[in-house]
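Just below sit the structures, each encoded as structure tokens.
Both complexes shown next keep subunit A, but they swap its partner, so subunit B is in the first and subunit C is in the second.
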Partner chain A sequence: MRYVIRRLAQTMFVVVVVTFITAVALRFLPGGNDVIVGLKAGPGATPEQANAVIKELGLDKSIPSQYFTWVKNFISGDWGLTFHTNERVADAVKRAVPVSAYLMVYAQVFALALAVPTAVWSAYKQNSRFDRLATTSAFGMLSVPNFIVAPVLVLLFSVQRKWIPFPSTYRSLWDSPVEHFKAFILPTFTIAIPLYAGYMRVLRADMINTLQSDFITTARAKGVGTPALLFKHALRPSLFSIVTSAAVQIGALMGGVVIVEGFFSLNGMGMLTVESIFAHEYPTVQYCVVILALIYVFTNFFVDLAYAWIDPRVRASRTLG
Partner chain B sequence: MTDIEVITHDQAPEIPLVAASAPKQVRLRKRGQVAKWLSIAWLVFITFSALGANSLPYVPHDCPGETNAGCSTALIGDLLNKRELPPSWAFFADPERKVLADQPTHAGLLGTDSNGRDIFARSMLGARNSLLIAGLAITFGLAIGTFLGMVAGYFRGWVDTLIENLTNVLLAFPALLLAIFLVTFFNTPNTAESAEPRPLWPIILALVILSIPPLTRLVRANTIAYAQRDFVVAARSLGAKGSRILFKEILPNIVPTLLSFALTGMALLIVAEGALAFLGLSVEVPIPTWGKMIAEGSQRLRAGVWWISLMPALVMFLTLLAINLLGDVLAQRFNTREAIG
Partner chain C sequence: MSPQQAASARDLVQASSRQIEGPLLEVTDLHTHFRTDRGLVRAVDGVSFSLQRGRSLGIVGESGSGKTVLSRSIMGLLPKRNTERSGSVYFEGREIIDLPMAERRRIWGREMSMIFQDPMTSLNPVMRIGKQIGEGLRLHLGMSKEDARATALHLLRDVRIPEPEKRLDQYAFELSGGMRQRVMIALAMACGPTLLFADEPTTALDVTVQAQILDLINVQRRERNMSLILVTHDLGVVAGHTDEIMVMYGGRMVEKAPTRVLFANMKMPYTEALLNSIPKIEDPSHTRLNVIPGRPPDLVNPPKGCRFAPRCSFAQDRCITEEPPLMTAEHPEHVYACWYPVGSPSHRARSAELAANAGAR
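Coming up: the complex of A and B.
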């Protein structure tokens, strides 16, 4: 329990520092307050109007006091309006989160569903033809950046064969499921390829180690069949690294697939953040950063807890230490 | 592991069942050797071309005549005759644009781009900045990361806590966002009238900062493992100072790990530079980077003009593959299986 509290404190510390750095960094981007005033009050604003805007947004206060106001607003749910469209920032974020979440979930499920059986079989039949094919192809997949995969997929499936419209438009899963999957299939594929390769390699290596341990020999000697041996006995102790990397990817996929989102015109969190920076929509950037940071630190936090479930030894060492 | 097996098989050739698998092992290793040397050859070729692109015969640079007609090099293009021509081997591809009867329909090893420039020459020249950015970034990142990681892993205590929290903060920060911040912060914004050449160093700085946290973690973990070893304890009991133990005892032992990680990291940074180029944040100098070429070419993809984007992509892919492969060879040789990321 003490461990959980300490980790939680550390987590909150990280979030606070990240958001504070963002707040400071946004103040110092080229243009600064002039850009904000220009956006809010129009290009030909009088000094009085400009001052009114600065007062209204609290830009004349010191950075720490601005930051505290921001934290207060964030917690109370009053996220303010965007500069350009006077839309509520919360609405813009609310629109972007599901897009990113769908993409992340589809890619993860797809990658894991392929990686786990491939890795298990590869490890079991080490150095077989299947294993060599799997490892070599995974190696190749790791070396293709997503901005190369995306155009190739579009070229194959949208330009040469007109199977999938490009650029596709995002539809919600409930309104029109077919359109929804048409919009998501290529980006999912693009992201899942390197994910699959990474997971496959990590799990295969761990599986090979596990399969050499004594308890597997014992289980084999007791007459446990191959599927049960692989999936019941060997898989769980081998999950350590793959769970870690899958969890790290959750945060990375929510905000870090800007290129794929942009290429397929899916307006997820990554695109929203980047476009907001370029458009000087500072409040939106700040809320995006805090959400992404929260996702990142909390997935890490839960992974740490998950370790105890996977490996009882971790549980023991923690209660002792 | 494989080594041991091969040796036992050699010693016991009279058992046919076991001996049958021995050549397979040898063949596997041979195949690995071929791949390794091919990778090295490709990297040498790319580096050589990048450095010597100004004078190499296979990278045309200057146009012979007064006019640029019929001439296409890395930087000078022939807008009239050689615009967007597919590679000369691509018999299945036709130029999207109408070509005059007496003009070529295919040009160059990798085709020509929208400005009529030769994509092969451009890719070779583009290697210069791509490799320079990634190479410098990983060098600095490695230097800083190694120092922080060793200090944290050896001295532990509050230094360790401080550095750990620092890396946590950097990792929690969306990576691309950090890069965009730094690059936009140090670049003068381009206006419609004038696009000023952008310097290389903001991108390098951004990539250095991105590469520090994972490197620090890796070095820290390695240092902790070595700090318990007998030779370090012995050095300490002889009265060696912390700095001596770090640099003379621990550092030489983690260098192999660092090398393999540097290679993998360099591949990641080449990709990261490409990602920045897609957001319009890469260098604005006449010499292109691979990322920039791919990004510019992908605009024409929907029209079916695939070579402008995919040919530099192929060069980049081969380079990444070669670097990753060498990193893997190093990691296997020194038996370091640390997770990356």
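Coming up: the complex of A and C.
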């Protein structure tokens, strides 16, 4: 318990730092307030209009009070309007987050569900034909970039076979599940292929190490059968690297798959962030960055908890230390 | 099925009831070879012996003499890949050398089990002690979770671990080395095996707890009427703890005798050299340690004659060209493989010569 509280305190500290930097970042834009006024109120704004903009964004206040107002607005959901379209920023982000979240969850589940059994069996049957096939194909999957994989998948399943419409439109899971999955299946594959390959290789390497440990021989000498040996004894101590890399991927997938999102016209966080940057929609960029940062920070927090679950020694040493 | 067949089938099922006559374990001409890039490593090269119920046997030899491989290949624990095993291992009245994996697993833990060398690494680091001990009980004896836990507690008491209730829910890293080895013993004894292997059980432990662990193994062995095979490089360890001793060199058995007979009348110069390499308490300080010169033989190309000949101070021409067979000494259970055993005229003459040389220097 003390371990959890410590980790949580550290996490909160990072959260404060991240939000602070993003909140006051508006002050350090090239061109200063004039540019912001120009973007928001249009060229040739009157001094009154300019003052109103500056006031709205809190640029007239001291840095701490600007920060606190910003945090208050962030929590209350009052994120202001976009510069150009006068849409509420919160609405734009709210539309993008679930798209990215679905994509991330599907890709992760798919990649992990495939990688864990493959890696375990590969490690157990090291250098077997199965293992060689698995490692070589994983190497191949890692080396093909997603902007190649995506069009190939479309060619195979939408053009030649016409199984999946392209481009398909995003539908929510609850409204029409079938359309929803049709929209997500190809982008999920595209992302999951290299993910799977990475996870497979990482877990396989750790499993091979673990399977050489003395305690595995002990378990064998007890008469433990192969499935129990692999999944009850060997898998858990081998999870460190794969948990770490899967956690890093959560953040990366939420905001970093712009090419895939763009190709399949899924308007997720990655597209929103990039488009906002090009359009100089600074508040939208701010909120996207903060949300991605928070996702990173909290995944890291949960990863630390996962380490403690995986290995009791972590619990002991980190509470003492 | 005839009545006799039915009866023998029942006997097989009840093998663990331990009512079968004859020796518990009979190993005949066991070979274990490993295929490597350098060639075939003959780690165990034709070993035969038998072990009676409730008796204990010490297997002694240097590192690389094949003693660990021998114990593991009797149990069948070695990975199949790149291993060639031949010969016969007769255990509890049946041949077990080529049992299928599923049946071998039924023996492991239940009828034979093993205590390993390093208690630091031999316990699962992420599984609670109680669960590790209980696993075999649930697997082999079909115990419920609660019963397995209660039995594990019993076992921890038997191996004299302080505060056993608390240990059940602890992890290996929370225990000292000696305690971990006690846990290993509890784990190995859990299902009441008839044969217990202990592979260098005290080598990784503090000297102060070594004797305690050996005594514990022995007490438990007597109480549970287990047979014990104790593998060690230390003649001193087996001296007080086993009924018989077998000395291995280069994958072969070179001498075997009841413990008392061996120490009173050892025949192999190698056994003698092993004994002499143990420092004696009555030696004045700074006495040079007696070492056996040279290195253990290359098991890919073992020497043609006696495998110990290249390092033996007493070797003669015949030792290099002709391999000595196992010969029986005065005591009927004492066998050795040497052309010029300790106490023979030529051995005595050479001893005198060596002593004279040492004196002259």
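In the analysis below, the second predicted complex is superposed on the first by the 247 of 321 C-alpha atoms of A that agree within 3 Å, B and C clash if a C-alpha of one lies under 4 Å from a C-alpha of the other, contacts with A are read in each partner's own complex, and residues count from 1 in each chain.
The rule is simple: a residue touches a chain if its C-beta (ideal position, glycine included) is under 8 Å from a C-beta of that chain, and two chains touch if they have at least 3 such contacts.
Computed from a prediction, not measured in an experiment: that's the story for all the values here.
J.: Between subunit B (first) and subunit C (second), which does A:V159 come into contact with in this model arrangement: first, second, both, or neither?
T.: Touch status of A:V159: first partner only.
J.: A:G255 in the overlay: touching subunit B, subunit C, both, or neither? Say first, second, both or neither.
T.: A:G255 sits against subunit B, while subunit C stays out of touch.
J.: By residue count, is subunit A touched more by subunit B or by subunit C?
T.: B
J.: Touch test for A:H180: subunit B only (first), subunit C only (second), both, or neither?
T.: A:H180 contacts neither subunit B nor subunit C.
J.: Name the contact category of A:V18: first (subunit B only), second (subunit C only), both, or neither.
T.: first
J.: Once chain A of both complexes is superposed, is A:H280 in touch with subunit B (first), subunit C (second), both, or neither?
T.: Neither subunit B nor subunit C is touched by A:H280.
J.: In the superposed arrangement, does A:R204 touch subunit B (first), subunit C (second), both or neither?
T.: neither
J.: What part of subunit A is in contact with subunit B in the complex they form?
T.: Result: residues 10, 13-15, 17-18, 21-22, 25, 28-31, 127, 132, 139-140, 142-145, 147-148, 151-152, 154-155, 158-160, 166, 202, 205, 241, 244-245, 248, 251-252, 255-256, 258-259, 262-263, 270, 273-274, 277, 285, 289, 292-293, 296-297 of subunit A touch subunit B.
J.: So in the complex, the part of subunit B that touches subunit A is made up of which residues?
T.: 24-25, 28, 165, 168-169, 171-177, 180-181, 184-185, 187-189, 267, 271, 274-275, 278-279, 291, 294-295, 298, 301-302, 304, 306, 309-310, 313, 316-317, 320-321, 324-325, 328, 337, 339, 341
J.: Note which residues of subunit C are touching subunit A in the complex, please.
T.: Touch list, subunit C to subunit A: 75, 77, 105-110, 113-114, 116, 118, 121-127, 135-136, 139-140, 171, 173-174, 184, 187-188.
J.: State the interface residues of subunit A toward subunit C in the complex, per the touch definition above.
T.: On the subunit A side, the touching residues are 213-215, 217-225, 232-233, 236-237, 310-313, 316.
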